[in-house]
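Please go over the structures that come below.
Shared chain: chain A. Partners: chain B in the first complex, chain C in the second.
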Partner chain A sequence: MRPYVLQGHTRPLNQVLFNAEGDLLVTCGKDSNINLWWTDNGVRAGSFDGHNGVVWTCDITYDSKMLLSAAGDSSARLWSMETGEELFRYRFNEPARACKFSVGERQAAISTDPFMNSVSAIRVFNIAEDPRDMLQTGPDEVITLTGPRGRITRLHWVDNNRHLLSSSEDGMVRRWDVETGKVLQEAQLHDKQISDMQMSVDGTHFITASPDRTSKLVDTQSFEVLKEYKSAAPINSAAISPIFDHVLIGGGQDAAAVTTTAAKAGYFEARFFHKVFCEEFANARGHFSPINSVAFSPDGTSFVTGAEEGNVRLHHFDADYFTTNWDRV
Partner chain B sequence: MAKWGDLLEEEEELPPSTTTGPDAKGVVTKVEYYRNEKGEVMKKTTKTRVVKIEKKVYKVAQERRAGWKKFGEAATERAADSVTSQTPDEVQLERIQRQKQTQEEKAKGASDFASAMAGSDKSAIVGSLRDMLYKKRMERQLLAAKGLIAAPERPPDEDGPGGSLPPAGKAGGWGAPSPRNRVGGAGGEGEMMQKRRDENSVRVSNLSEDVTEDDLADLFGPFGPIQRIFVAKDRETGESRGFAFINFIHREDALRAISKLDGFGYDNLILSVSMAAPRPERQ
Partner chain C sequence: MGGPTAMLRPEEEKMFEGQPRGFPFGDFDLEDVMLPEGEDMGIPSDTDEDNQEEEISSESGFGNVLVVDNLPQVGPEKYEKLTAILTKILSGSGRIREGGLFHPVDEASKMSKGYAFVEYENVEQARAAQAALNGYQLDKAHKFAACLYDEFERLAKVPDAYEEPGERVFTPGENLLDWLTDKRGRDQFVLRYGDESEVCWNDAAKQQEESVYKRSFWTEAFVEWSPRGSMLATVHRQGVALWGGKSFERLQRVGHPNVQSLLFSPCEKYMLTFSEFPAGPQGRPHFLAIVWEIRTGKRLRTFDGPHEEYAVGAMARPDRGMRWPAFRWSGGGDAPVLLAHMKANAISVYQAPEMTMLDKRSIKMENVQDWEWSPAAPDATLAAYQAEQGNLPARVVIMKLPSREELRQKNLFSVAGITMTWHPQGDYLAVQVDKWTKTKKSTTTNFELFSLREKDCPIDMLELANKSEKIQQFAWEPRGSRFALLHGDGSRPTVSIYNMKDNKSILSIYNMKDNKSSARGVTLLHTMTNKQCTSLHCLNRLHMPTLQGGHNGVVEFWDCEEMTLLSAGEHFMAQEVAWDPTGRYVATIVNAAAAMENGFQIWSFSGQPLYKTAHDRFFQLNWRPRPPSLLSEEKQKEIVKSLRKYSKRYEEEDEALLAQADTEFLAEREKQLSEWRNWLAAKKAAVEEREAFAREQLGNRVSAHEEFVIQQVEVSVVLDVKEEPAQKL
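What follows is the complex of A and B.
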């Protein structure tokens, strides 16, 4: 592999994200930038300029026409993917962290952090057919889900948009009823915060990543922990391969301790684990600081890692990745 | 008076260049003629192999690629900014070799199959499956010896639920000799055993150095009960010398194993399997 190094961010990355076809990559980071890249050659296709605070997460519509971003400047914005134009801005009194379009993209869920007197919340909005219409009508908030403490780090719509899954800083995963606003189910999965939660392709299970040095594969319905992946260093992000029984884990020595750690001992590699046997079978070096976000392309032929140093590495697998029998003990 | 060669050159037109192919192997052959500085006619043949690489691209993705213009910082980006660069070096997906667990660790770990399955250690899962199958076989033989169940025709090749994994004979383990094969009286039994062992011994060579007896048990186990497996090791370094002997209890199993595994690719090496030459008579 000869990965592309994408240096579009000057500060740590927060999330890397492919679109549905896998031809586009969105990266966002602490430098308040959002960048759009072509995945075949790593060329920057655009940047979404406007946020003036850390951009925590993004989400792309299925048709790759619209981008939703949630940022620490207490706003969440809808962008046109094609022109980079800002279509609409949700203003909050608190920093926004997680954001996710519902299936079908008629609604969006945005989580806001606890701040001053407000508690953490998940806000669900209806999105107008043309988001620019909302400039006149204002945001159409359906419901606000509140209750538990702790920042909500990731959101997923499940069960035909009837429920929302949230992962939070207290290590809990919760299932919310979007209509009643009640917590239907919760599970304490980690001792520390859950920094990433990614769904499998079919939505039957998801993977969590936590600085408590574990990553867990969890059943979406029962919240039962199916598998646990252990690392020697904190884990910041985990992704499930859409084509193989492989799990990609990114993390590394705590950012605060990086300067005192040798790059080799920092566990800054992108690590591949077998999904069932939970053994690490391969890794790819390259970053010199903790990896903050990892993602597989939707066709499973490439993966991308974004790290604390501000670099994004876009890897297209060599042919032997697909022919090697990685299952052998 | 010019030389005949010069005359020939001046008079003769250069033959037209021809291009043939691509042929079945995708090779295009191009033949050209030209004159060098001395005026001599040179023939130049260029062979090019043409390979078609098909890449599927989503139609929407292609349209996006053609239609979208750069925006934001990307629009003002210069090549000198080198925002995107490809690493000069190959980055390998480095394979991690896990150390095999020792027998003690295995014993300490999950002891029964259910708990091993719940865990994550592959060798524990496979190991406990092996132990379970072995235990089952022993129980059955004990019952058979007590006369509680009918003695099996021969130790079963496959047992256990599913039977998806080949039953791995214990390396160097003991396989019950079937009473059917018992020839002669009790007197010469030891001698007979020794003889039979030699007769049914299979020699495997061209093994990779890290092949263990357990691996061979996995490989040869499906053909029938194995009496003994011996991997030849260097006396001083302890490294495998690349060949091994497998003693089957039944000669027909040995023959079957030879017919199936001779020339079989194992660990990237082609195995050579044959009957072992009988040991020279000891004086």
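What follows is the complex of A and C.
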């Protein structure tokens, strides 16, 4: 089916994200906008206005009531998904990059970049039942995790909220103990930064994406690399299909070099790999600049890509995608 | 404040690509990067094994030091006098450096030790002194024993008792032609990428390459097959190593420090290694070329000296260097193997293995500018071009060696430049002649075509319709009588990519034999105008040149019998095209000169893309050449006749093989899948625990989610009510 091209950003996209039901899509980008879209028809449902810096990442609560966003304007904000109102604002001295609700959404982890004299940090907060209450009480910070250098690009809560996984610019994935603030485990997975890290539905494995032109499927417990997907160009984002043994990879020739290469040479397609065989079996063209973020809808029936040029492409799979036996192709 | 790599700007990052992680190293301990004693990081060193047997010319810096032994041992009272006498004797054959005489005294006994070290001004003086002083009789009791310091250690190691050398057992080497016995008649190629060198089969039936031998850091510069494919040469700082046989054992090694190029004789018996040194503080640019006999590793002859004598005519580079190859071997076969080079007004020819000059004199050729051996066996024939000089016209001469018989010569006038292209079988010689127009401001081009296999070697002249057009490429059909030209005017086509696109070039194919009349003469077969074409690559026997378009890498396959386009494909950014030795397959290559897309693609002769392999930092793909066929010409014809019979058998074999490959492939996939399923199953407990936790944490929110029902609801809304009286019927 022809994709919906969602044109709501004037600058590169940073993240595209479905809610748990898959009926809503949140996109955020360098133009400091956060947009909300209906996924079945690609109509814009609204926007979250207020950030005045790059919005790096977002996270949505399970019940789709609340949105958390982390931005380069040194703030992270909680929004009401229904009204688009800003509920609460975390202020930092450094740009905020990754953000993630804990399972159950009683806590949130937000990473901040190294800036001036401060090092990179992961800050864990308790969230009040009604976030507006925090306007009086102030943010309830539980712990700040610091240590290794390099920006922290993605966060995931694992092991029943006891631990956090972080991926960072030095190519490392680390497991932090939220109680003690110690690094329990770390692995050098990439030669260059890890620009994206997405978890499988069952939480047993995750996928990383790196400009070193590889994407890796990793065991959440042991950090053992299970599979490796290779591309000819830098990879910016990777997602795991919730229903099939498929992974989706997006990237492309470095944005700085784009003007010197033909569109065809840029590898701007979204690529589908078989998760087990590590073979590319399909790709979706359309973007004319590197793809910065990819995501599968939670029911696996659609996928979305957001690119450097500011366009978001929302694809619904055709019927034959579901009837093909992909292990035999 | 971010790691060292985090601080890099993109362009820096590019620069350090391929360097070890963390490069440039900000803070490191030298001890950390030093290898522990006896550790080689799994990279076998070629030198380790042989260090004991041969010490290659030691460069200790003591080459000018002489050790003189058997001196009288004297007390302190006579020491001064003896030293004075020694100084006098020792400086007889060379000048001793200031303070260069060391005459040691034993601390305990105060007696001189009876030997001395002498440092001369240079090595030659030290050698001369050694010759003069060894055996010098000072008095009855003292006869000098002098030896060079560099040799001292070696001599000291000589055992006192003579030991009978053990009889060497002959161990037969591996069959160097092993790869030709492949049941399926596949060809090999060598790849070089990153730090790896790899020899592979081209398994076209399975549409993949199959690795034969792979080794990291096998070569320090490039790899090269010998002309008949039995050996692979690797190039190292110390010299050249040759490898061959099934397991790629080392066959031979020759020492030539900083070797830059090598050239095999077509019969694979001899090899020339070459290195040149630019002008520098050491003086004028000079070079060193060494001729080796491959089987024994013996150095047959050394050419060295400054460039000027050799870099003449077409052999001179603009930077006053020497064009490679300035030395050239004559064609193979049973004919004597000749090596020749050009110098001012002459060509010198040497005959292997003695490497003495043929007839003890060079072939005199006034103002010779360029020359070329005929590639054909068995006669050694060369073509040379002598430039115009005063009243003497320019001349192209074809000469047979060693008889020095002139087969044919042609005088030419107002010549601006000449390019000679031999037919690969030596049947023809094409001479592209660029002539000045009357105003001497521009040039026109025509071709003089020599037919060497005909009586008296007749010459045809070919002029293009537009004489002032630039010739971009000339390519002979490898076996046959056709050639293809790439001509057309594009200003500076090699520099600007955009000019290539609107470059209107014409491809013409001419036939040297007129088929109908069987009379000789050049006929135009076909012209294709307006091709965006950069190069032509003719294929063995099957008569098809391929064209390669501009930087978008379009490859076209033409059938020259029918003059039809067979197929066209695209290999993005492809820079090189290489046919395999049998002409069945062709490789298009993107090498490391391009920043991305590195790798190669294999096509069938008819232009079917077969497979594509990507390798980062891809440098080289070289097909392994095959030796000439041992079958007689009649036998070859017979095989071609009954091709149908044979092909049936091979097709069956191919099919069986493909079926087997399919089964293997599916089995492998099945294995991977079941491994994955097992891995997932092992995680079942963790998954359940996680789900239970999520349920507990999310509480009613989960259940709300699961009770989510899609309902289609019809809503009717009354928008407006209007009362209208019904019309009376």
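Criterion: the second predicted complex is superposed on the first by the 327 of 329 C-alpha atoms of A that agree within 3 Å, B and C clash if a C-alpha of one lies under 4 Å from a C-alpha of the other, contacts with A are read in each partner's own complex, and residues count from 1 in each chain.
Keep in mind that, in the parts below, contacts are C-beta pairs under 8 Å (C-beta built on N, C-alpha and C of every residue); 3 or more make two chains touch, one makes a residue touch a chain.
Small disclaimer: the values here were computed from a predicted structure and weren't measured.
Asker: Identify which of chain B and chain C touches the larger number of residues of chain A.
Answerer: Looking at chain A, the partner in contact with more of its residues is B.
Asker: Quick one: classify A:21 as touching chain B (first), chain C (second), both or neither.
Answerer: Touch partners of A:21: chain B and chain C.
Asker: Touch check for A:36: first (chain B), second (chain C), both, or neither?
Answerer: The first partner, chain B, only.
Asker: After lining up the shared chain so the two structures overlap, which partner does A:282 touch, if you call chain B first and chain C second: first, second, both or neither?
Answerer: Only chain B; A:282 stays clear of chain C.
Asker: So in the superposed three-chain picture, is A:84 touching just chain B, just chain C, both, or none of them (first/second/both/neither)?
Answerer: Only chain B; A:84 stays clear of chain C.
Asker: Considering only touches as defined above, state whether A:245 meets chain B (first), chain C (second), both or neither.
Answerer: Only chain C; A:245 stays clear of chain B.
Asker: What is the contact status of A:47 with respect to chain B (first) and chain C (second): first, second, both, or neither?
Answerer: The answer is first: A:47 touches chain B but not chain C.
Asker: In the overlay, answer first, second, both or neither for which of chain B and chain C A:5 touches.
Answerer: First partner only.
Asker: Counting only touches as set out at the top, which of chain B and chain C does A:298 meet: first, second, both, neither?
Answerer: neither
Asker: Which holds for A:203: it touches chain B only (first), chain C only (second), both, or neither?
Answerer: Touch status of A:203: second partner only.
Asker: Where on chain A do the contacts from chain B and from chain C line up?
Answerer: 21, 63, 277
Asker: For the complex, give me every residue of chain C touching chain A.
Answerer: Within the complex, chain C touches chain A at residues 1-3, 5-6, 10, 21, 552, 572-573, 596-597, 614, 669, 672-673, 676, 679-680, 683, 686-687, 689-690, 693-694, 696-699, 701-702, 704-705, 708.
Asker: For chain A, which residues are in contact with chain C within the complex?
Answerer: Interface residues on the chain A side: 20-21, 62-63, 102-106, 114, 119, 149-151, 160-161, 169-170, 191-193, 202-204, 221, 226, 232-233, 245, 253-254, 256, 261-262, 264-265, 275-277, 327.
Asker: Using the touch definition up top, name the residues of chain A that touch chain B in the complex.
Answerer: 1-8, 21, 23-24, 33, 35-38, 41-49, 63-64, 82-85, 227-228, 269, 272, 274, 277-286, 315, 317-318, 321, 329
Asker: Under the definition above, what is the set of chain B residues touching chain A in their complex?
Answerer: The touching residues are 57-58, 60-61, 64-65, 67-75, 77, 82-96, 98, 120-123, 125-126.
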